[in-house]
Amino acid sequence: MRWPPAPWGRKGRVLPILVLAACSGPQSMLDPAGGQAARIGVMGWILLAGCAFVYAVVLLWLLWALARRHRWVEPGGVLPPQAGVERRLTNGLVAWVVGTVLILFAFVAASYAVDKSLTHLANREEVVVEVEGKQWWWTVRYPDDDPSRSITTANEIHLPVGVPVRVKLKAADVIHSLWIPNLHGKMDLIPGRDNELFLTADREGIFRGQCAEFCGLQHAHMALDVIVHSRAAFDAWKEAQLAPAPAPADEALARGQALFLTSACTMCHGIRGTPASASVAPDLTHLASRRSIAAGALPYNRGNLAGWIADPQRIKPGNHMPLVGVPPSDLQALVAYLDSLK
Amino acid sequence: MSERHFVRDLSDLPTHGHGPSNLTWWGTMGFMLIEGFAFVLAGFTYLYIMMQFRHWPPGMPPPDLTWGTLMTAALLLSLVPNVWAKRVAEASDLRGTRRAVLVMLAVGLVTLGIRGFEFTVLNALWDSNAYGSILWTILGLHTVHLLTDVGDTAVLAVLMFTRHGKDPRRMGDVTDNALYWNFVVGAWVPIYALLYLVPRFA
Amino acid sequence: MSSLSRNAVSLALLGVLLLAACEREERSYRGEPVGEVKPGAIVQGTLYAGAPSPPPPQRREYEGNAYHVSEGKRLFEWFNCSGCHAHGGGDIGPPLMDEVWIYGGELENIAATIVEGRPNGMPSFRNKIPDQQLWQIAAYVRSMQREVRKDVAPGRDDHMAVTPGEQNQPVTPPKPGGVASPSSEGRGP
Amino acid sequence: MGPRDGVSSSELRDGPSLGEEDTMRRLERTWGTPPGLWGWLTTVDHKRIGRRYIATGFVFFLVGGVLALLMRLQLAQPENTLVGPDRYNQLFSMHGTTMMFLFAVPIMEAMAVYLVPLMVGTRNIAFPRLNAFSYWVYLFGGVMIVVAFLMNTGPETGWFSYVPLAGPEYSPGKRTDFWAQMITFTEVAALAVAVEIIVTVFKMRAPGMGLNRVPLFVWSMLVTSFMVIFAMPAVMLASSFLIMDRLVSTQFFNPAEGGDPLLWQHLFWFFGHPEVYIIFLPALGMVSSIVAAMARRPVFGHVPMVLALVATAFLGFGLWVHHMFATGLPHLASGYFTAASMMIAIPSGIQIFCWIATLWDGRPQWTVPLLFVVGFVVIFVLGGLTGVMQASVPFDLQVHDSYFVVAHFHYVLIGGAVFPLFGAFYFWFPKITGRMLGERLGRWNFWLFFIGFNVAFFPMHLLGMMGMPRRVYTYPAELGWADLNLTATLGALLVAASVALFLVNVLVSLRAGRIAGPNPWNAGTLEWATASPPPSYNFAHIPVVEGLEPLWDKAGPLGMVHGLRVEEREVLLTTVLDAHPDLREPSPRSTIWPLLSALAVTVLFIGSIFTPWALVWGAVPLAVGLVGWFWPKRRHVPPEPVVES
């Protein structure tokens, strides 16, 4: 049995959106776009309502206590506790504790129910994605039983809408954490451990995920794009990714490719269909089809790409792409070639 | 002169005591609590690391039993002179205390010697793997306690033969030192079980 | 007066200490080499190249800096130097942790070896490795034999314990092979 | 009046036969600290050490605050380049480290070092030399890490130093080693103070102060000290593992050799969560003291309050895993930790209830300390409630490591500890200095702090829910976080202004504040029974306690016991439960050995950052220091004849 679409999924979101219209966005838990995030969202609103109530009670009582001017005391005098009042206050304390316990019990029950509903969404995947966190970017793989049909890309997850997905999480160096607030909470990527995350996107759109566990110098620039499209578009994207890089169409591009293959680029980057096969840096086979470069640091376009290659350490200081010092004349050819890798 | 409302004269109170009425006893207890808990946590770490491995110890024989068992026997036997030291100190028997402290110093040095041999037959090094690391650390931690107590005993032994030995408060120090030795022995027994017996029988 | 000079001396000592610390800890990513000593221009070293005087600035800048040496270590793995040199122990390529340097053991010699390549298998990495990375790798190679300060040399890896970390590397040549613990090697008399 | 015939002066006792002024003169000569630098270096007076402990802690608060301001300035606008990633990482690591290890815990213990002996009615803290040693070790450790930071060797992996990021491979150089040794320094200091406080509370209470008459602040410090004893060994062990991994290649956290990065997290949070309560429980004690004095009645529900403290301490050790919900632990475990984390709201709720009930039944006096207490309730309850929200695993998966958490724990820590602490400064400043802090500046201080705090931290709740992760040195403009971040920065500036006003207030009041007198607030506990500032011997005669608020419970003067020596330092020990007089215990005089031992420890600790052999050669000066410390100083005093009673 499939978990029915959450009743709060669409309509329930209206009120919060009215209140926090400004908070919706491609990286916000207030604008859920997946079954998991929607359920957690409901949990959040339950907790918020309960806590707001408790907070109001405490503040009102505090206000009353401070405003009350019922007993007169001479300067330096002391008010001895009165037996009757103490008894009433003791009863009040008992009621207070009982009330606290009841509210907490409700919270625990709700939390348990939501947790349970999240496990219902798990283990029914139709698509498997492997995400490997590295200092400071993400390798994304779509494994296939037929190795030649496995896809490797970087800093971009594509998901079909409405299809449950299992995301396998691994860390190559230090601990990272994958957080796509619109789809789900976060899960850590820990060296020596395998974690996983289940996602079911409810609507098409482009979202943003970011590393949420401090991982060193460029923790701030370790993001990825999450693109949810229709099943058909997703399959088409997959087919496109399976193809090797297109051969250079003209001489200028050929020069660019030659530059790439004879320079420092090949020490780290790979492009399928060329001799470049290194894998310690993002695979560039379909670089130009991606939305961003340098793990979400810059939107993808030729200008940004040229700026990035010219001086990656200015844009993302400390990242592992060195200052290669490509001469300006070569840079244009190199960028033109990379831009042809659709 | 302000009015003074005295309710009791305390001139008769004693100025030194043994056990819980002694301030140092409480201090020693406090530090034993801290160190004991550190041992407990180190023991948990050992078991935690054990859970990471399929075989325990991983690919190496467990520590040889000889020296560790000898150590256990020596420490347990040392409780006899230790109790004696505590008794004579509580009885403010200076001659007896002098002898007892010397005996305890000898016992401490012997155990330190045994410990030295123990380190040579662990069959693992601290940087081989996590097992070796925790093994060396726990044994090292206990050795630090041994060293501390032997050092303390040595200082007390010297004190006992100076004019300070006649101060009844030194007797309190001897009983506290005996207490601490009990702790060192008491900590060792579970450590022995953990380091020597668990890899063999668990 | 004398106390003044004593203070001055201790202040100077403190200053040297502080400078050493700053030099060790700086994270410099841009790689603007001080003084253009292109490794390509260096004369190929003979056996045990003598220390040139004054030492080129790279030596202090890279060998005295923990970040550079650790980056060198990362690149050593990334560029698969271990494929031949096996974490410095030597396999197809010669060992790097012993005292023997076929083509000179100074920083410049090692950099030159990487750039030029050497007969019998060492490929040339000319134009393949940017200057800063080159110096970093060379500095790391020097650290394998404890030729750099101990507080700069890298510690152990976060993978299989092949070597105990360059800072704990024995100064004397290690025995080849064996599955014994890294630290047990080289513990000679 | 001179010594009695036939009695040597060392035998002289306080009591009816010795005039009051003579007693005080002699006690001052016995207990006073020698003047000048030597006296300053050798003193073992808990008040002098407490004062400098507080001042040092406050300086670290200012240091941490400046670091926070720099971070806020960097984050004021997107893609800002005021500080780069390397410097920013050091800034937030130092900020957390300074605030948690060098400010919050030490200053709470410092307040206890000053106040607890006065509150229980004794002449000095238990183990005064250990107390001096603890201060020096803390000072040297703190100075070491600040100097390291200024030398670009500051910690860079956060106050939590998760491995493998903090391990040998990913944190090159000595930055993390300095951090790990700073832990050792501060933990040694904290543990020493914890033992002193426990023993002081157990054994040195004034006659009659049975456990049922112990003031709430003393209770809170007692419970806190026990928490320190059980929490700190975990982090010392963890940081030792870390430094051994880095220095001698042990494999504790290397998954390829059977270690586990999560082992670090378990050990760290087994300490790290109780740490929050170690900071927070003393503050609760301060609040109780202030509330009672300002409401003009004893705190309602003394017994439930004490039980709530103890319950908090127990529960505090059972919920460390809620910092690790996102590590993918088994469901069963996380379910348990959800329930446990929520349960801690019950004792906190009880205490909030009791304070408000006290104010409700009393007649609140609108003084600055009370303002800070009210601010505490308003802010802390909000922080506590967001904490309850995060106890829920699903919700925590979203907000964990986001700015929501940053908002939450600043509400809890600043609201729950710094506001009470400022209230305590205003409340006890007259006791410590003899002069009142300015009321007018105090109100400005409070309102700027209260408003600035909320402007700075409330927006962070929203930022977190809008997806902003923690510990980022910058963020892109497109995500719409800029306005809220700018607001937060403005709030931080307001807080800075408020703290500056406080400093001005302190400086002005030290010179020209109103003279306080012994008991300016007409409060009920024993520290107000002596002069302000208290004399070196605290009390000319040890008072006798007959109730919870001794100064309120008795119309006439306090009863006293007598018979302690006045020419030798002597304190009264009493029994643990009922505080019956038990022993007259000598108390140490000023000595340089604690300082020398602390220096030896410093050499050993800093040396061991660079070589493990420092443990060997560093032990030699340390052993010399300790032997010098414990070597009997006083001439042999023959045992007194024990009279059967």
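Residue numbering begins at 1 within each chain, and the chains themselves are lettered A, B, C and D in the order written.
Just so it is clear, contacts are C-beta pairs under 8 Å (C-beta built on N, C-alpha and C of every residue); 3 or more make two chains touch, one makes a residue touch a chain.
Just so it is clear, the model here is predicted, and its values are computed rather than measured.
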item	value
Longest centre-to-centre distance from chain D, chain (CA-based)	C
Two chains sharing the most contacts, counting C-beta pairs only	A-D
Separation of chain B from chain D, taking each centre as the mean of its C-alpha atoms, in whole Å	30
Whole-Å separation of chain centres (CA-atom averages), chain B against chain C	45
Centre distance in Å when chain A and chain D are each reduced to the mean of their C-alpha atoms	38
Intercentroid distance (Cα basis), chain C paired with chain A, Å	39
Two or more partner chains touched - positions in chain A	173, 191, 217, 317-318
Residue list for chain B, restricted to those that touch at least two other chains	126-129, 132
Touching two or more other chains - residue numbers and ranges from chain D	86, 164, 169-170, 245, 248-249, 251, 254-257, 260
Touching pairs among all chains present in the structure	A-C, A-D, B-C, B-D, C-D
Complex interface listing, chain D residues touching chain B	13, 15-16, 19-21, 126-127, 130, 191, 194-195, 198-199, 202-203, 207, 229-230, 232-234, 236-237, 240-241, 244-245, 248-252, 254, 257-260, 263, 266-267, 270, 541, 544, 556-564, 570, 572-573, 575-576, 581-586, 623, 627, 630-632, 636-637, 639-640, 642-643, 645
Of all residues in chain B, those that touch chain D in their complex	1-17, 20-23, 26-27, 30-31, 33-35, 37-38, 41-42, 45, 48-49, 52-53, 58, 126-134, 136-137, 151, 155, 159, 163-164, 166-170
Chain A partner contacts - residues on chain D that touch it in the complex	84-86, 89, 157-158, 162, 164-165, 169-170, 255-256, 260-262, 295-298, 300-301, 304, 326-328, 331, 334-335, 338-339, 342-343, 345-346, 349-350, 352-354, 356-357, 359-364, 374, 377-378, 381-382, 385-386, 388-389, 391-402, 462, 465-467, 469-476, 479-480, 522, 524, 549, 552
For the chain A and chain D complex, residues of the former touching the latter	20, 22-23, 25-30, 37, 39-40, 43-44, 47-48, 51, 54-55, 58-59, 61-62, 64-66, 68-69, 71-73, 75-82, 85-86, 89-90, 92-93, 96-97, 100-101, 104, 107-108, 110-112, 114-115, 118-119, 135, 173-175, 177, 179, 181, 184-188, 190-193, 195-196, 208, 210-220, 296, 317-318
Parts of chain B lying in touch with chain C, wherever the complex brings them together	124-129, 132
